[in-house]
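Below: one structure in structure tokens.
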Amino acid sequence: MGPEIKKIGVLTSGGDSPGMNAAIRSVVRTCAYMKVDCVGIYRGYQGMIEGDFKPMDARSVNNIINKGGTILKSARCDEFRTPEGRKMAYEQLRAEGIDAFVVIGGDGSFHGAMTFNEEYHFPIIGIPGTIDNDIFGTSNTVGFDTAMNTVVDVIDKIRDTASSHNRLFFVEVMGRDVGHIALNAGVGAGAEEILIPEENRGLERLLESLKRSKKSGKSSSIVVVAEGDKIGKSVFELKEYVEEHLPIYDVRVSVLGHMQRGGAPSCYDRVLASRMGVKAVESLLEGMTNFMVGVQNNKIILTPISKAIKGHTKIDKELIRVSEIMTT
Amino acid sequence: MGPEIKKIGVLTSGGDSPGMNAAIRSVVRTCAYMKVDCVGIYRGYQGMIEGDFKPMDARSVNNIINKGGTILKSARCDEFRTPEGRKMAYEQLRAEGIDAFVVIGGDGSFHGAMTFNEEYHFPIIGIPGTIDNDIFGTSNTVGFDTAMNTVVDVIDKIRDTASSHNRLFFVEVMGRDVGHIALNAGVGAGAEEILIPEENRGLERLLESLKRSKKSGKSSSIVVVAEGDKIGKSVFELKEYVEEHLPIYDVRVSVLGHMQRGGAPSCYDRVLASRMGVKAVESLLEGMTNFMVGVQNNKIILTPISKAIKGHTKIDKELIRVSEIMTT
Amino acid sequence: MGPEIKKIGVLTSGGDSPGMNAAIRSVVRTCAYMKVDCVGIYRGYQGMIEGDFKPMDARSVNNIINKGGTILKSARCDEFRTPEGRKMAYEQLRAEGIDAFVVIGGDGSFHGAMTFNEEYHFPIIGIPGTIDNDIFGTSNTVGFDTAMNTVVDVIDKIRDTASSHNRLFFVEVMGRDVGHIALNAGVGAGAEEILIPEENRGLERLLESLKRSKKSGKSSSIVVVAEGDKIGKSVFELKEYVEEHLPIYDVRVSVLGHMQRGGAPSCYDRVLASRMGVKAVESLLEGMTNFMVGVQNNKIILTPISKAIKGHTKIDKELIRVSEIMTT
Amino acid sequence: MGPEIKKIGVLTSGGDSPGMNAAIRSVVRTCAYMKVDCVGIYRGYQGMIEGDFKPMDARSVNNIINKGGTILKSARCDEFRTPEGRKMAYEQLRAEGIDAFVVIGGDGSFHGAMTFNEEYHFPIIGIPGTIDNDIFGTSNTVGFDTAMNTVVDVIDKIRDTASSHNRLFFVEVMGRDVGHIALNAGVGAGAEEILIPEENRGLERLLESLKRSKKSGKSSSIVVVAEGDKIGKSVFELKEYVEEHLPIYDVRVSVLGHMQRGGAPSCYDRVLASRMGVKAVESLLEGMTNFMVGVQNNKIILTPISKAIKGHTKIDKELIRVSEIMTT
């Protein structure tokens, strides 16, 4: 076990997600409870390099558990990918007396943390904060549950107008490499079709499905498309393709975009973030390092951060089947 | 006064808006209260031409006051613009024994109703149902209040992520010819700039404003743009223009689209629709025709439908000034 | 006209309402725009007496337009009702160099301000902030629109379970002397009966109405009751009374309580508060005093604060009639 | 394996929960997909006894996935607890040609189904639908996730006004025997104390905690209390007790009540219900009976219904600890 840890830094990094503030609050309050100092590191690794630090006590995080975004701000930081950048970061941390840090973010953020740990043997723990749920070693990332709710709320609204006009809507949701949001929110919103990066079932199948849907007497259709869908057509090209081949449809497009990252976190995400923050601080104090906190089977667990980065989450085949049955 | 009215038809026409169901419910229940028959006309004028009718009693409209969309469906109908189409509509109405109708919709729907009235002396009353609030003779159209709330809710979410990343967002909202949604929701969402069709203050001014905003220490900026903004650039072109001239900004775009038409109506829109439905039926029974029901100074009033169509709503200059002061 | 005004105080007083923060933001930013100093007075008149002041600039009010509650806190203050208390308040204001203040609150808060003005000729302007909409001289108080939406959202949820079980619910909403929330939210939520302080139509009528409702085939019933309803029975006594006389009903009670004061303000309330804040500061700078800012027919106007206090808002008879027709 | 199943009944029973409609939709559509007939049984076991049946096809369940309540209605039914009642139910089912049924409900509903199965060897499968999450054999019941979100949304609103006035609120949430909602929503809402049926830590501890909270500089406090809390005082008695012993606090009470059962289901509950419905029908067709569908570690599994009834869910000790750390 390394030297005693007396001061812990906390930062958010990469794309923000709802519940990051709840995770920050948990890290800060657990430090206070454990009588360890806590320092907020602003703007992710960029702020680490620049020494943009602020001490935080239990009251610094009042009234943030229900707020979207991150009070510590976030940023992507190319400099931290260079040895020079990481050296500056290390020097800033030492100057501030920070002995370890908790990084809340996604894949890229964990990669940076791991490299930093290798070079400087600096204790780090990761908390998975991203709406995409694409991190191995945890069944849920902080923000995923909220994003699903945001998407179904919006599609519920779109369906109101779709079914009033007998229209077909293509709705693009986030998920560059993974279709978790698309698949879950698609099933939750009662979508007729769901196009995800993990499966390319071709345009023919889409046309067939839409024809069947029309024949079955449905008055409107929603097709949910993940950004990174492998058919390789943008949602606007899909619209044109369908209008050409199925002129019976009046097709519209909606790209949900960044609203999916914001909003008050769901209860689940707040509780998950709170649990993970406790575990992160406790693990550092117990001498653990280079782990990511995750949840499996509703238990909080640790996964080596190297495995979290290299592993791949898999799309749930059973859920794909459920989605097909539901569009009967 | 014309012959006694014993059966009233009700239809929704044009783009749908939240609260249309509340208006339908009100027309149907007022008919029941007044002991007059009521018939639902499906899919707007198209259904009128095709005789797509269904008798409605007080129980037909249970549990719809809080639903978005329209249970009667809506459609645009080119055929009703032809004398032949209107003749068929008239014959269908007579065959069903319908003596008068209430049309819930916007400008185009009222125009059709007026022409129909001129040709067949058929009693009609209009209820303004559109999210754009672009109808003369009423301070509020049914759906406008809800759409404003939908837009600020979404921008609140976008701001979470915008301020976490120090970003600039262009958010496009509905309003092809009028900036009511953009101006009100822009002020309500605390937007830094609001671009509306009624005022072209140029790109220079936008750049100046954004520079000033940055200098004043704001961490993020939201620019709300009405679809029909007169600068004449799409929201994507605006993004490119700003990125070129103010490279300090990381600019993103969000097009809100059709979600603005859906969702559970606000209390205000439900109450307004309920009041307007009562007035519409009562007016027909009192022998009035060719009027639109409106609200002014919180009183329900009638405006000749010809004036409602020709008049223009004006953007509130005071509110533009308020928006400028608020971005200090 | 009095001496030049260089520093304006702003406070919130009495029960809080959604949109108070938007009003504070507007007062602060208008001061900044007009190049006048602005000082936040914490905890209402109590903080004024204690000199609990903090200078505020345009950035002090970032990101509060969408937050419920009041960042300046509020309190009821008996001490300000005494000459001694007001003397201390005056001395604190002079010591701080405050030349005028804007008070955001209700009836009681305005009364205190008026007395203070009479004694010390101190310039004051009021902004009506209360969910009850019980202030004369304005068609809407800041917070009323949001509270109506909160109530219909909750009743929509209650109706889900009520209609699944064929139940009757009594829902108590705020409004000790006035039934504006009950009447509007009752109509908006499709309530079968609405009991308000302004009308005592007796228990007999309620029973008759419930019997009729049952006979008409309705599967569930919601009765909205204002706190101060004149039948003089608590909502729990009403439950017992109905269960005794109409044993066919399975009756439940829900008291909505303080949640009605909170939550993100609606777009309307945010815009209204923004407009009122501008007018309040401008009026003080133009030498006006002892006025309340109000809105009438969508124009921002001033009413002598003495009239605002003494006048009475009236319940809308037309809306009572609409509510009766809607329960057909 | 028993005789071939050609017609499946579906009913909802006991207290309703959000997501029941999504479960009904899933059962109906899976039957359609599997080319098996499906019959809706109205008003739970009461409707079964009375033969209140309606055939359902895939289109019967359009647009209900996002609706709270249950389109099949629910009821508690004493008659089904008698052999005579169950005999009548059996005869009705045979007369309709129903070969098996899926019951969506809680503990009591499962008990009735199991007894019925023992007596008539009638194939049954249960889907756990209740907001309380008190069913053994599944980590989540349909409706629990939504209820948690409803509770934190309301407490977020209450906190707005609580912190504007430095108040203490006791908020009573559902959970007669189990504290799952209270504990999770309490942590999610940032409650200062959480009182649950599973732990009686006494009134002394509550007072100590509130004193500490005040000293630590918190401006407001929320105490979440499960209905069945073992301290044995009602939430109103708690208020009086605290006001007597800690007069510094201005205490208010809010009883959330039935709104917790309603509202649009969360995405999670919609997906869970969809998955469970598929599994329920498939299991019946595979000849399984007397099982409850559950979810464990994100996999859909079966548990003998006898174990589901007898087992007890346990409160998460780790989460209690998290809640204590969070109130630092």
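General observations
The letters A, B, C and D name the chains in turn, as written, and every chain counts its residues from 1.
Going forward, a residue touches a chain if its C-beta (ideal position, glycine included) is under 8 Å from a C-beta of that chain, and two chains touch if they have at least 3 such contacts.
Quick caveat: nothing in here was measured; it's all calculated off a predicted structure.
The centroid of the Cα atoms in chain B and the matching centroid in chain D are 39 Å apart. Separating the CA-averaged centres of chain B and chain C is a span of 28 Å. Chain contacts: chain B has residues 156, 159, 163, 219 touching two or more partner chains. Chain contacts in this assembly form a single closed ring in which each chain touches exactly two others. If you check each pair of chains against the touch rule, the ones that pass are A-B, A-D, B-C, C-D.
Chain A meets chain B in the complex at residues 12, 15-16, 18, 20, 67-70, 73-75, 150, 154, 156-166, 169, 219, 252-255, 257-259, 261-263. Within the complex, the chain D residues that touch chain A are 25-26, 29-30, 32-33, 58-59, 62-63, 65-66, 139, 145, 148-149, 151-153, 156, 159, 163, 184-185, 187-190, 216-219, 264, 266-268, 270-271, 274-275, 278, 296-298, 300, 316, 318-319, 321-322, 325-326, 328.
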